[in-house]
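I am attaching a structure below and will ask some questions about it afterwards.
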Amino acid sequence: MKNINTQVNIAGLKLKNPVITASGSFGFGREYSEYMDLNKLGGISVKGLTLKPRQGNRPPRIAETPAGILNSVGLQNPGVEAFIKNEIPFLRQFDTAIIANIAGNTVEDYCQMAEILSDADIDAIELNLSCPNTKEGCMIFGISPNGVASITNQVKKYCKKPLIVKLTPNVTNIMAIAEAAEAGGADAVSLINTILGMAIDINTRRPILANNFGGLSGPAVKPVALRMVYEAATRVKIPVIGMGGISTADDAIEFMLAGASAVMVGTANFAYPAVCVEIADGIATYIQKHNYDNIYDIIGKLELNT
Amino acid sequence: MPKVLREKIKRIENIAPGIFLMNIESGYIAENAKPGQFVNIKCCEGLNALLRRPISICRVDRSEGTFDIVFQVKGTGTEFLCRKQAGETVDLIGPLGNSFDIDDKYENIAVVGGGIGIFPLLFLLNEKKATKKTAFLGFRNKELIVLRKEFEQASDKLNISTDDGSEGYNGLITDLLEKDIVQAGYDMIYTCGPTPMIKKVCNIADSSSIKCQVSLEQRMGCGIGACLVCACKTKYGDDWEYSHVCKDGPVFSSSEVIFE
Amino acid sequence: MKNINTQVNIAGLKLKNPVITASGSFGFGREYSEYMDLNKLGGISVKGLTLKPRQGNRPPRIAETPAGILNSVGLQNPGVEAFIKNEIPFLRQFDTAIIANIAGNTVEDYCQMAEILSDADIDAIELNLSCPNTKEGCMIFGISPNGVASITNQVKKYCKKPLIVKLTPNVTNIMAIAEAAEAGGADAVSLINTILGMAIDINTRRPILANNFGGLSGPAVKPVALRMVYEAATRVKIPVIGMGGISTADDAIEFMLAGASAVMVGTANFAYPAVCVEIADGIATYIQKHNYDNIYDIIGKLELNT
Amino acid sequence: MPKVLREKIKRIENIAPGIFLMNIESGYIAENAKPGQFVNIKCCEGLNALLRRPISICRVDRSEGTFDIVFQVKGTGTEFLCRKQAGETVDLIGPLGNSFDIDDKYENIAVVGGGIGIFPLLFLLNEKKATKKTAFLGFRNKELIVLRKEFEQASDKLNISTDDGSEGYNGLITDLLEKDIVQAGYDMIYTCGPTPMIKKVCNIADSSSIKCQVSLEQRMGCGIGACLVCACKTKYGDDWEYSHVCKDGPVFSSSEVIFE
């Protein structure tokens, strides 16, 4: 087997391979380090951070739906300071990119976190404008082009790391939203976050989630995510990181053909803790099988039917 | 350390209506499991039952390198699981979670279980070296009584109740515990089962100042402490926080849990 | 078993039970009549009609995705006149409601069809403002509140039958869209139509569908559909017809608890041709098991967690 | 009339790498099926392979009330199907679609099949009462040659080609047909297989003014003519229209199909 180079460069963020664990599915990597070699990951997007510690929503926080899950964690996390103190040193033991995913209620929250994290030992910041599980903020910023452009623009002023803006799929026109992120100064966009959904227990006649609504992820959303990644990639020049239901290398390759320079994997980790390594290996195998030179022979190489 | 394992099913048996006992060959689990821990099972391939299902370890046989789980068919996952046959493999992660505190200093213990909550308690009884072990088990009805012989062997006294009085005491198992509690002199109570039962046990233990450990259930995502979905409220100084059943639990001291 | 009454009345449209076959999944009922008794259906929403016959899109027109399918039929149909001449007489042999689903490129198309069909022997008209598989018209009207309100208002002038407006889920705010339909004079709304998606063949590096994009339906979309039906039902006074991934009676009951007065079933027919009858029976069984008096003891009876 | 059936698998056999023959007990299909028709199979429960998969009927045994399908494992559906075992049931709808015109007036026929397209042609050969029957079958390589004996028995002459020359003629099966066509005097050619092969066969038949029937494939939804996804272009007067493979087909006259 010739040595397959699957390294990608996303706006200055160098990844040894295009597979990143999606925020919220992987904690801060500690637990999964028992099941896999974290050195084999392109990167880790950590659990969404807020300025202050948060406890999140009441349980149940998860419901299984056909080929998917709804979650309503509501950003339980130790806060940005504890992250820097307790988690970065652990993560830095491994040769993998650290992406800090941040969420806030106000523009100021986001700016302050970006400023703090710019001085921390991380590789990129992912702006979560799309969490559907909190009452204020977050997704509200993400559903209008103006909201996205203006918050990106503000945060950019404080951000000294590559800035990835994570988009919500709960919009009419993802192209306009992606363009807004680019216009606001994003170095890359990542999508999709979860799609707002609901599940009902017909015996209790109540929603299964204590929070009533939750965000849908997993294989079920893949076709929608893929379409949105394609649409976004045709509209912006900055790199696109694709996600939504990726469970296999084939899935990941679909996203990369559609224009994603890298992919994130969330829900699939739950069933198969080492799946990200398998996906990274599978991408290399595909490249080799098709005799491509490197990963850039896949990215955006979809041809439309005419 | 928990591992992802593909283990062979040695035996599967329908031991009561809707309840199955599965005996699984796994030197690793038999060797490493502690009472209270669970395994997280991919009940079927592909998209049906996407998430793993947590099931308690009910019994281990270290000499033959096997362990038992006992589960009730509830929905898609357990429905697929119960159709597996001896010789097939089962994809599981385990042993997971913390475990009951079975320190030798507890010399007179009681276990109180209801429904599918009884299974980890059998493992506990078998592992616990106590002077005296009393078991309280509540079932819906006579038909659903399972593992009676095993509990009899593992304990010094077995109390059974059924909701409909078709066998044993007619009523809640906590009634029996309550009657017994003053004179019995337990120094530790372990409980697992439906939330109302657990709460009651905690209250009873509390009012008699007896230590109590509870095993909780919550819907899970990852099962290993990373996704934070399996939250349960616990005390944190004067305040509270959300701990996680899969990693901080499933066993908690009754004094740390906050029931809502 | 006491005689369970599952009759519902939707803005003057009387259904013997709340189960309607969804447009496009059931043709004009002919094929399925070999597998089931059409008299047992609440209603049939026929294949989307256009003013003139249409051939639709190139094949492949379907791709299977995790727990769902993408379709890009593109409204192949014989045109409204042929429908009246050839299909209504067949359908009228059965005691079930006939709902004419219509789609057009222009407001005039819609108005003209509504006018023609108002004189035909049908029970209701369903305005498809949401087909994602045609180049012009249709979904374009459906994605803005103004578009929905104005076209509903125009069509209403020509429509002498109960007018159901079918909404697209490809929007940021389904509540505003539902309100717009109500404001425009809709007698009921139905939702969801399909969610725009994509699937890629990684060996040909092309989209599987000849049309590149298609509409996602089936179990995968259920949580999203349920959330949207709930949201719409909380905002409008007119009846809501719920659909999206319904495959079992339990699924149907979830939608009714969330506020749907009736449900439509599409994709599930493909695997199980008689599934609609099973769903109707299952709803009756649930009502009986829970000792409810009738179907109105379910509709909208969801209690939120607080 | 097609029916939804739950039929018992009598035998399943892996007859070549990735190719399985399944013998299914079904008096109904054995009785009613005509060559060219297919069954639409729910390959597994639940969400994996949501849609049914169309598979041609390859052989029927009216006396014992069984029929055969032969299928290649391609993706999720066929993968699940091939793991079923004798004694299990299979959920299918059939017989579906139209059938080959095997009128007695055709007295010298040829069938031309490639890959998985050969299976309906065996059923045709067995049912067709012709004076003379010639079979042309193309395979990728020697290993993938299946049902050779059956085709030998059902035809008067069997021609085989492989893409790699590992058995029979080295090249396209249509080469053999082309060489043969002038002197053979066929009055009907039936073909099924990959689109390029089918097109070629139609051209050859056309240039020799021989009637030709083709069996087409297309991705399906309902399989019964209701959802209109399985479109194929056919002539409609001077114009064209989209017909549907599952109901108007899978068999079409070469003169009606428009290849794109």
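For clarity, chains are labelled A, B, C and D in written order, and residue numbers in each chain start from 1.
Heads up, the rule we're going with is that a contact is a pair of C-beta atoms (placed from the backbone, for glycine too) under 8 Å apart; a residue touches a chain by one contact, two chains touch by 3 or more.
All of these numbers come straight from a predicted model, not from anything done at the bench.
Trainee: What is the set of chains touching both subunit A and subunit C?
Mentor: none
Trainee: Where the CA atoms of subunit B average out and where those of subunit D average out, how many Å apart are those spots?
Mentor: That gives a centre separation of 55 Å.
Trainee: Rounded to the nearest whole Å, what is the centre-to-centre distance of subunit A and subunit D, using the mean of the C-alpha atoms as each centre?
Mentor: Result: the chain centres lie 46 Å from each other.
Trainee: Which whole number of Å gives the spacing of the CA centres of subunit A and subunit B?
Mentor: From the centre of subunit A to the centre of subunit B is 36 Å.
Trainee: Two-or-more-chain contact residues of subunit B, please, as numbers and ranges.
Mentor: 47 - these are the residues of subunit B that touch more than one other chain.
Trainee: Hey, what residues on subunit C touch two or more of the other chains?
Mentor: In subunit C, the residues touching two or more other chains are 58, 63, 66-68, 218-219.
Trainee: Taking the touch definition from the header, please name the shape of the chain graph: line, ring, star, complete or other.
Mentor: ring
Trainee: Would you mind giving me the full set of chain pairs in touch?
Mentor: Touching chain pairs, listed by label, are A-B, A-C, B-D, C-D.
Trainee: Help me check something: in the complex, which residues belonging to subunit D touch subunit B?
Mentor: By the definition above, subunit D touches subunit B via 45-48, 76.
Trainee: For subunit C, which residues are in contact with subunit D within the complex?
Mentor: Its residues touching subunit D are 24-27, 30-32, 34-35, 47, 55-56, 58-64, 66-69, 71, 73, 76, 218-219, 267, 269-274.
Trainee: Going by the contact rule set out above, which residues of subunit D touch subunit C in the complex?
Mentor: 1-2, 4, 42, 47, 49-52, 93, 218-232, 240-242, 247, 260
Trainee: Which residues of subunit C touch subunit A in the complex?
Mentor: 58, 63, 65-68, 70, 143-144, 170-172, 195-200, 202, 205-207, 209-214, 216, 218-224, 226-227, 230, 245, 250, 253-254, 257-258, 286, 301-305
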